[in-house]
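Pasting the structures here.
Shared chain: chain A. Partners: chain B in the first complex, chain C in the second.
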Partner chain A sequence: MSEHLPALLVVVPLILAPVAALSNRPRAAFAAAFAGCWWALYASLALLTRVRSEGVISYALGGWAPPYGIELRLDLVNAFVAVTVATIGAVVIPYAWTSVKKEITEDRIPLFYTAFLLMLSGLLGITVTGDVFNVFVFLEISSLSAYSMIALGQDRRALTATFQYLIMGSVGATFIVIGIGFMYVMTGTLNMADLAERLPAVMDNRTIPVAFTFLTVGITLKLALFPLHLWLPNAYTYAPSAVTAFMASTATKVSVYLLLRFFFTIFGFAFAFGQMRLNMVLMPLSLVAILAMSLVAIYEINVKRLLAFSSVAQIGYMVLGISFGSVLGVTAGLLHIFNHALMKGALFMAMGCVMYRVGSVQLSKMAGLGKKMPWTMAAFVGGGLSLIGVPLTVGFISKWYLVQAALEQGNWLVAGLVMIGSLMALVYIWKVVEVAYFQEADSDVEIREAPLSLLIPTWVLVIASFWFGIDASTTAQVATDAAELLLRGGS
Partner chain B sequence: MSGGMLLLVTALLPVAAAGGVLLLRKSPNVREASTLIFGALTFWHVLGLLHRVQEGERPRLDMLEVVPGVQLAFELEPLGMVFALVASFLWPVTSLYAIGYMRGHHEENQTRFFFFFAIAIAGALGVAFSANLFTLFVFYEFLTFCTVPLVTHHQTEEAKKSGRVYLGILLTTSVGLQLVAIIWTWVLAGTVDFRTGGILAGTASTGVLSAILVLYVYGVGKAAVMPFHRWLPAAMVAPTPVSALLHAVAVVKAGVFTVLKIAVYVFGIDLLATLTTTSWLAWAAGATIILASLVAFKKDNLKARLAYSTISQLSYIVLGALLANELGIIGGGMHIAMHAFGKITLFFAAGAIMVAAHEKKISRMHGLGRTMPITFGAFFVGSLSIIGLPPAGGAWSKWFLAMGTLEAEQYGLLAVLMLSTLLGLYYLLEVPVKAFFFAPPEDAHRSEGIHEAPTPSLIAICITAAATLGLFIWPEVWRELMTMVVGGAG
Partner chain C sequence: MIALGLFNYWAVIVLMMVGFYTLIARGNLVKKLIGLNIFQTSVILMYVSFAKVSGGTAPILMDAGDHAGDAAGQVLYSNPLPHVLMLTAIVVGVATLSLGLSLVVRIKEAFGTIEEDEIESPSL
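On to the complex of A and B.
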């Protein structure tokens, strides 16, 4: 079986999705989703271990040899991303059981789990495939299931948020498919490795820079790089808590991976950074994202929305790392994919706990929660420390590499701006801390600590965000190796 | 026990004390007893370490590799020994004082108070034991965060505002400047270890290294070089034992200790002497000495005056580091100890006055000396040490610092030191003099019941005042340790 693991990683959750829908009972659907997520975690970890010891795994789907058949291709880069996605899925799914019961009407719960499984398999599919058209297909699977899950949110504004995301997301996907089409026209292949070989011969033709541009815009829209982030804050704010926690930690991260894959593996560093000067676009945009979006977060009064804007800023850090075009920079970007997934997952899950007990995440409703929900708010502070980048948290590790990458190129200005971004994170986290710990609660409202079924998954991520901040040698090593692989251009 | 294990045990003892505080929260007497016992144990272990360091051993413990090439590790050398000795000796003494103060003042949430107090000491010991810049930074930030609940202890609007200033300035400087400098050092030198003679020499142009020095000196916000000093007066909203131990000893000394450590083990004295910004920064420290003294002059609130006096005194140590010669370093290191004992005595006295007579303003303390002679007597002794007069310990460190300015041929800075002595004479001695010799203000309805502070506090005051005098007679251990730092035979 183990030789089919790359395919089974995606196929198992994909098949479990209709099972969940057909069972039409919350408990059975949950069981299917739970099994799907933990299978994905097991399979992705097994694959990462194999890639680390044996090198690249190439799997011909249905036995059709690449470049004609669809190839699943795992190297250190996407194995690492797949583990990130699967980890978050496995932690969020037990959390979802309690959280969703409160936030979604019962007859829709099986459909929620169906969509969750579809989104998971879509994201994993994008990650492991070696075929660009396949990327588009899985992208649509994950996006459509994401739209439907956001629309399940209690607040009626969830519907407009979904519509906004649907329009923007479809524009992004269309741009991507146009880019892919142009490349196909010029080379006659859809296989990534094959494309990387054939593209240099036709680079001079104007079609390729145009394809590159379409892809850049499409992908940056999907990963919500400023100023193409407008769909994100509403979607994250009004989606059910479990959906926000899962999406914020995975969907944009997979798009960042796509950026890396297209620019470094397919087009190659020399074309993307030398000829197209990608860094001239990405670096300023990511810096604006970091500073402007953190500033917006400081003035937000809905904490989920605050965290959503913070996410746009954090995506800025990932893209900034990539825009250095150096091993250190790409390492920082990759590390932050994993690290930010942990901390932002923890933070959104803590807010889900608040939502569960208080019914709102408005700042004004959170007065005195430090005493009433001590474990929830402690989890929030723990995740917040990571966001600020306090040493011994994962956030610090990301910054350590990012600032190194900046200083290595003598770019002390960017190093300084990254630090200013951290300090802005301090301001918006501290704002929540002040309300929760320094303001007196309404004495007539009875609020208890969130149930353990929510707290345990939340704390798993909080502890992980410290664990991988204290001992980052493994993650850092994997990320560095992956970055070197990407910059060599091969896969 | 191997040296490395001893380091770990010593640093963990305060954590154990914190655990004890939590477990024993139901009965305050046992809770406080556990703090005192663990405090005494910690000091005893530090003495064991002192013996080893004097023998020339450098206990080391590698805990783990955080990212490739960067270790979380402890290594104790003489300068760290100075800081660890001061912090671990004064912790149990302050705990004794705090028992009297917190109860006499009817403070709430005492368990939380003693818990974070013990945790902060663990942080201070971590700073003292750090083997490299990364570990130092970890504990430096740890110390910042675990003292926030102590600063905002009263949870009032004022406490909240002070908490903002405290966190804001300390984190802005450490993350915005110090961390950049540390990563820059890593990029240039390929290591962040503390090594005798420094690690930066020859890695980059003088201009770049000068810039890094500026980042370090201002990045260590805990050293309170102006204009990054506002957090220290803000922290004075905390209960007095916090001001005494943390904001006159542990936290601020962690700052100046970091500056000294960076000067000696990252730059190295020889490199430091060649950098263009060294003397500018020395003058910035000199300016802080004078300006802070002038502000202290104007403060009628006793704790605020002491806070500005601390800012001024901290810059003595920064100045010592930036004189870039052996005498300056020796003087700076000794001043860590001398100032600690003197200033903690002053804060203890200020707190005792608050508990016993409920007075915060100096102008309302006239005549109190007759009812509280021990407290004001101790205040007098502490003042002598801060001013730098015999027969108090402060005289020695000032002596070495002054010699350092002469050796560096910085006569202007010598004048700064002398001027600050004169200012100190006035703004510190004013307090006991007026308390003993002036008549009480007419509207002060002093009940007959005013007497000295609660006994535990009084004992603590006497211990630190006696130690301040004792340091004048026996300064040898500090001088010996600091001579080892600059490479002498001791």
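On to the complex of A and C.
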């Protein structure tokens, strides 16, 4: 069985999805989703261990040898991303049980778990596949299920947010297909490793830069790089809490991975950064994302929305790392994929706890919550410290690598701007802390601590974000190896 | 004449721009979806166009006697792969469109309108 693990990683959640839908009972659907998520965690960890000891795993789907058949190809980079996605899925799913019962009507709960499983398998599929058209198919599976989950939000504005996301997301995906089509015209292949071999011969043809441009715009739309982030804040704000926690920690991260895969493995570092001067585009945009979006977050009064804008800023950090085009920079980007998943997951889950008890995440409604929901707000502070980048948290590790990467290139300005971005994170986290801890609550409203079934998953992520901040040797080692692999141009 | 020889691609570009413009410029949500669909369909035409080999037939097994094949049983056929890819893309397009339209129905129920400027838009 173990040789089929790469396929089973994706297929098991995919098959459990219709099981969840057909069972049509919340409990049975939950059991299916729970099994799918934990299976994915087990499988991805097993695969990462195997990749670390044995090197690249290539799996020919259906026994058709690559490059003709579809290949699933795991190296350190995507095994690392798959573990990130599966970890968040496995932590969010027990949380979802309590949270979803409160926020979604009962007859829709089985369908929610179906969509959750589909999204998980879509994201894992994008991660492990070695075929560019397969990327598009899995991208649409995960996006369509994400749209339907966001539309389950209680607020009617969830519907308009979903519609906006659907339009922009579909345009992004179509841009990606156009880019893939141009690459196929020039090379006659869809396999990533094969493309990487054949592209250099036709690089001079203008079709390839055009394909590159379409892919860049499509992928940056999907990963919500400023100024293509417009779909993100509303979608995150109005989606059900569990969905926001899952999406914020996985969907955009997988797109960042796609960016790395297309630029470094397929087109190659020399083309993307030398000929196309990608860093000239990505670096300013990511810096604007960090500064402008942090500024917007400072003035935001809905805390989920505040965190959503902060997410756009954090994506800026990841892309900034990549735009250095150095081992340290890409390491910082990869590390931040994992680290940001931990902390943003924890923060959005803490907000889900607030939503569960208070019924709103408006800042004004959170006065005095520090006393009434001490564990929830402590989790928020823990995640917030990480977002700021205080030492001993994962946020510090990412920023440390990022600043090192900037200084390595003598870019003091960028290093300074990263610091300013951290200070701005301090301001918007402090804003919430001040209201929750230092303002008096309305004494007539009775609010209790969130139930343990919500608190435990939240705290798992908070503790993980400290754990990997104190002992970053494993994650940093994997990320560095993966970055070296990418910059060598493949596998 | 070269321009005419690339007729399919001109059609692709025109369709793509028509769809994209409708998508951006129209305020009616259904019209937006129609624009999106035209945009996606133009990509299907693009893939199918570059798969076509002039004089090629469908990629099916043929007897040597058939006029499309020569004596050795070798047949000039169009590249089947992009056609198959586009089958998937059509399915994706249908799924996107139906999800979008069902969203429009729910937006109509919740807001009473499907005109973008009449929906109290959540501020950005």
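Note that in this section the second predicted complex is superposed on the first by the 491 of 491 C-alpha atoms of A that agree within 3 Å, B and C clash if a C-alpha of one lies under 4 Å from a C-alpha of the other, contacts with A are read in each partner's own complex, and residues count from 1 in each chain.
The rule we apply is simple: a contact is a pair of C-beta atoms (placed from the backbone, for glycine too) under 8 Å apart; a residue touches a chain by one contact, two chains touch by 3 or more.
The structure presented is a predicted model; accordingly, all values stated were derived computationally and were not measured.
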Touching partner for A:V281 - first (chain B), second (chain C), both, neither: neither
Touched partner set for A:I463, first chain B, second chain C, both or neither: neither
Touching partner for A:G416 - first (chain B), second (chain C), both, neither: first
Partner chain in contact with A:F133 - chain B first, chain C second, else both or neither: second
Chain B versus chain C as contact partner of A:L8, first or second or both or neither: neither
Chain B versus chain C as contact partner of A:A28, first or second or both or neither: neither
Chain B versus chain C as contact partner of A:I57, first or second or both or neither: neither
Touched partner set for A:G389, first chain B, second chain C, both or neither: first
Contact footprint of chain A on chain B as seen in their complex: 64-68, 72, 134, 137-138, 141-142, 145, 152, 155, 159-160, 164, 167-168, 171-172, 175-176, 179-180, 183-184, 186-187
Residue ranges of chain A in contact with chain B within the complex: 385, 388-392, 397, 399-401, 403-404, 407-408, 412, 415-416, 419-420, 422-423, 426, 430, 434, 437-438, 469-473, 476-477, 480
In the complex, chain A residues that touch chain C: 133, 136-137, 140, 144, 147-148, 151, 156-157, 159-163, 166-167, 170-171, 173-174, 177-178, 181, 184-185, 230, 233-234, 237-238
Contact set on chain C toward chain A in their complex: 20, 23, 29, 32-33, 36, 39-40, 43, 46-47, 50, 82, 85, 88-89, 92, 95-96, 99-100, 103-104, 106-107, 110-111, 119, 121-122, 124
